[in-house]
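Both complexes shown next keep chain A, but they swap its partner, so chain B is in the first and chain C is in the second.
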Partner chain A sequence: MACCAISGSIQAQYNSKVILLPFNFQCLNNSDSFCVMLWWPLQQALNVTGNGQAYRWDMKKLISWIKENLLQERPELFVQGDSVRPGILVLINESDWELLGELEYHLEENDCILFISTLHGG
Partner chain B sequence: MEKGLNRYEIKRYSRHLLLPQLGVIGQQKINQGKVLIVGAGGLGCPAALYLTSSGVGTIGIVDYDVVELDNLHRQILHRENKLGTPKYNVATRYLLNDACVLCKKPLISGSALRFEGQLTVYNCNNGPCYRCLFPTPPPPETVTNCSDGGVLGVVPGIIGLNQALEAIKILTGLQPAYSQRMLLFDASSGSYHVFKLRNRRPTCPLCGDNPTIHELQDYVQFCKASATDKARQIELLTPEERISVDDYKKIYDEGQNHVLLDVREEVEYNICRLPQSINIHQYLITNDLLSILNQIVLQYMIKLKQNPIYVVCHHGNDSQKAIKRLQEIISDWEQNIIYKDIEGGLDYWAKIVDNEFPEY
Partner chain C sequence: MCNVEDQDLLPPSKAKNASRTCIKCKEVAQIVLRADNCYCRSCFIAYFTHKFRATIGKSKLIRSNEKVLLAFSGGPRSSAMLYLVHEGLSENIHKKLRFLPGVVFIDDGAILQLSENERRNYLEFIRTTVSKTGFPLFCESLGKIFPTNQDTNIQSNLLSSDLSNTTRSDATSSSNFDLDTLIKRFKNDELKIVQVFEKLPNSTAKEDMLHILRKKLIQQIAEANGYTKVMFADCGTRLAVKILSDIAQGRGSSVAHDVTFADERNQAVTLVRPMREFLTKEVANYLTLKSIDYRTRLSLTTMKPVKSSIERLTENFVTDLQASFPSTVNTICRTGDKLSVGDTSKIDADAICPLCDSRIDTNNSLEGKTTSKTTSKICQNTADSCCGEGDGSCNRIARINLTAKEIEDRLCYGCRLIFHSNNWEMDDLPQFLIDAIEKQLRRKRLKEEIEEFLLD
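On to the complex of A and B.
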């Protein structure tokens, strides 16, 4: 299993009701808490068959998948072009994705991806 | 540093002096230390309390916002009788970062919103600066401030105290815990996560190997947003599509049949509302929710024929967006509806028309 989470601060902007959880995702926390953890079967993200060849999702694919499948509207709150919008920090296994190749990073088994929005209040 | 601590200082700071990591030298460094606290708010107040009592020699506090009643649940240094005394956001963060890099000072940056808090030390021990992490400011419409999103008062308190702790460690020469790291605190689950951040970017225009920024800039323009925590005013609609709170008051007082649509979030609607208003949050106005809209239209048809539907929100911004959405969605099958945005929203209503109406 790999896991992907979208932090509460991003969720909250979406008013939680407009983020759709697809059937095969299991929601581990409720929307009030730190993040909604999304798990999906390994084969969907890690071993997708295309052109007769197995390939692993990279971060670019994951982001576009989230945009197409989870964000019912206002994708601009999460994505900009192929990547996440400025102000969203992407963490792969508790490390800044910049250390791991950003969009080109290929998902591995047991990876944990976290999207967090930087806060500005105080 | 040659002169030791006096009798009073030894008594006063004895518990610090007993710590091998601090000792007399560490305490002397604290006493000679200088800390500038920017924002005497939910973060700055608790930080200032502990920095002061720890013996930091010079503390500067900068703030240009005004102390308001709705901030006192987290800005603990202020009392209700200090309301109106002159007391932050994305532009400020870039300004502070640039100033710190240009002056070669570490920046202990904290933030809090709702149930979440964050903390990172920038420009310290060859770690990244704020621009290394965020070269581009976020689009203004994606930034939620405390006055829109709310914040649980204790959360910035916890982050502020962690900031004070980092300041003490940096002053005494100890390693800060959050340089090139980010602390994420989630008050709901009580969990603290620490993430490793990227290295300093050699290509950073500010702290990189060949910097192009040598002085402070116009940050409001850079971030396309105002530097304060206050709500911004937008104008999406034409003056004809809007109505002043005074004019709406007349319609209200005359008891004219009309539909008033309140597009704030349910939590806000529960705080205060105008009588007879219907609450549908602006983001719920979608094609899928035409059935709800049908209800409005039905009421509209029954109650009145030519009167507009009045739309209201907190500050008069979301109501304009809601009208745009309504116009797009409904225009296909019902083109005769006129919408009127109540300018300035319930905020103006409370300030101009009804002083008894709650402000939040």
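On to the complex of A and C.
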């Protein structure tokens, strides 16, 4: 449940340069409620994975990273193939990722990536 | 053959239009509704608000100053609805909404097995959100549908806690105020319902029962407080799922009611669905653009496999299809719209299922499965003096002893499936159901008694 509080405070976080590490783990384990926000400074991402390769990740890489590192239970509720499962809306800086090349979109510094489940029960 | 239509059904080609433009103002688009249907931020918000008000306005159903109760769960759809209503009332605009809203929240935390802490946080969120609108808030536990022994009379017991009022009078020390007391009271009410849900055979039956009881309780609260309409925030995507899962669960006869803008099955309280023209995706976009705070509602099948219930499986089916064929939801909903509700006033009251209010169109289709249970439901108020009406309207008549067979016979096919297991007791039935069945039986007996005196 904790993650859900994030959605309303997007604005606040835009302004206060808080580095919010990707996901709330608990949220992913207890429920598949993906109203999860990524405040995603790229340096941070690279630190997490612990290697210095590919500076600019694309969405495909990000999703697979999330799958590998954050989803312990039922990854199929989030991912389908290389992409997210239907019913999960992906917003990049409040724009639909369909407008930005979807999987091929390359992350920029300070991008705000939002995965919102539109499914009943999260 | 029919090339033109086929074009429309093909999955959109994922061409990279690097910057697509808004169909209204040609600015850079931010929201994609369908492949070629993109909006910029402000045009989308205008479109969304307009559609909501137009849906309400078009129906001409809600009169000026009518009391309308908003069914609010804190989830995305009802949060958007609450926001839209609040905005529509406060603005000084042409198409201003003109009704008097109240908000009802039904706490089903006991059935979702939330911890006390989670429930307190959730209630706190509900209270703060609603208090920002200034609308009265009714909070009740779903368990209330099974009245505890001390207070059998459900009507008098529906003193829904008006939280927002309490806070106002309590403003100085409102930090922890009554939430603990409230939860304690809720828990007391919930002993029965938790047992009942444990006995239900599967997630499908549980979800079905949860929806039915929640709707019933909201209607009761509305009626007890003088509200004549209740707004539910079901959007098109949900309704499409509902249509298909209704059919899959043998509830075909209620499909028409479950998806129309106004469900008038209950004479006292009409259910309306002002969000029915929206897709879940549109709602999610709106919430984000407007920074509206909401909670992701857990459901009984949250984090469960896709096949855990009919509803869940149907949702998965519709969502997958919608991803490739963006007109899926619309097509299903338009098909549902074509089903006619029929003239509800002409339906014999005995042919209505007392649990879900839908019309009964089958006869004993679950024959052979009826169990022989006799009722243990004995009249609790021993003073069985009746006003003489004979239809139980005075609520003081002695209880008729019902058998399981009599009860099952009265239910529609879909509702029988809920109880389609052997281990339920008469005690497990909500009081409103028993009352309704007794009323039907009493009427039937009365009819039989006077039958021979009637002229053909």
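The definition used in the following text is that the second predicted complex is superposed on the first by the 65 of 122 C-alpha atoms of A that agree within 3 Å, B and C clash if a C-alpha of one lies under 4 Å from a C-alpha of the other, contacts with A are read in each partner's own complex, and residues count from 1 in each chain.
Operating definition for what follows: a contact is a pair of C-beta atoms (placed from the backbone, for glycine too) under 8 Å apart; a residue touches a chain by one contact, two chains touch by 3 or more.
Everything numeric in this text was worked out from a predicted model, so none of it was measured.
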Contacts of A:I116 with chain B and chain C, given as first, second, both or neither: both
Which of chain B and chain C A:L77 touches, first, second, both or neither: both
Partner chain in contact with A:G101 - chain B first, chain C second, else both or neither: second
Touched partner set for A:L89, first chain B, second chain C, both or neither: both
Footprint overlap on chain A, comparing chain B with chain C: 7-9, 32-34, 73-74, 77, 86-87, 89, 91, 94-96, 98-99, 116-122
Complex interface listing, chain A residues touching chain B: 7-9, 12-15, 17-18, 29, 32-34, 72-74, 76-77, 80, 85-89, 91, 94-96, 98-99, 116-122
Residue numbers on chain B that touch chain A, as the complex places them: 39, 41-44, 88-90, 93, 110-118, 133-139, 141-146, 149, 151, 156, 182, 184, 186, 188-189, 191, 193-199, 229, 265, 281, 283-284, 286
Touching residues (chain side chain C, partner chain A) in the complex: 14, 16-20, 29-32, 38, 41, 76, 118, 121-122, 237-238, 241, 280-281, 283-285, 287-289, 291-303, 305, 311-312, 315, 319-320, 322-323
Complex interface listing, chain A residues touching chain C: 1, 3-5, 7-11, 30-35, 73-74, 77, 86-87, 89, 91, 94-96, 98-99, 101-102, 104, 114, 116-122
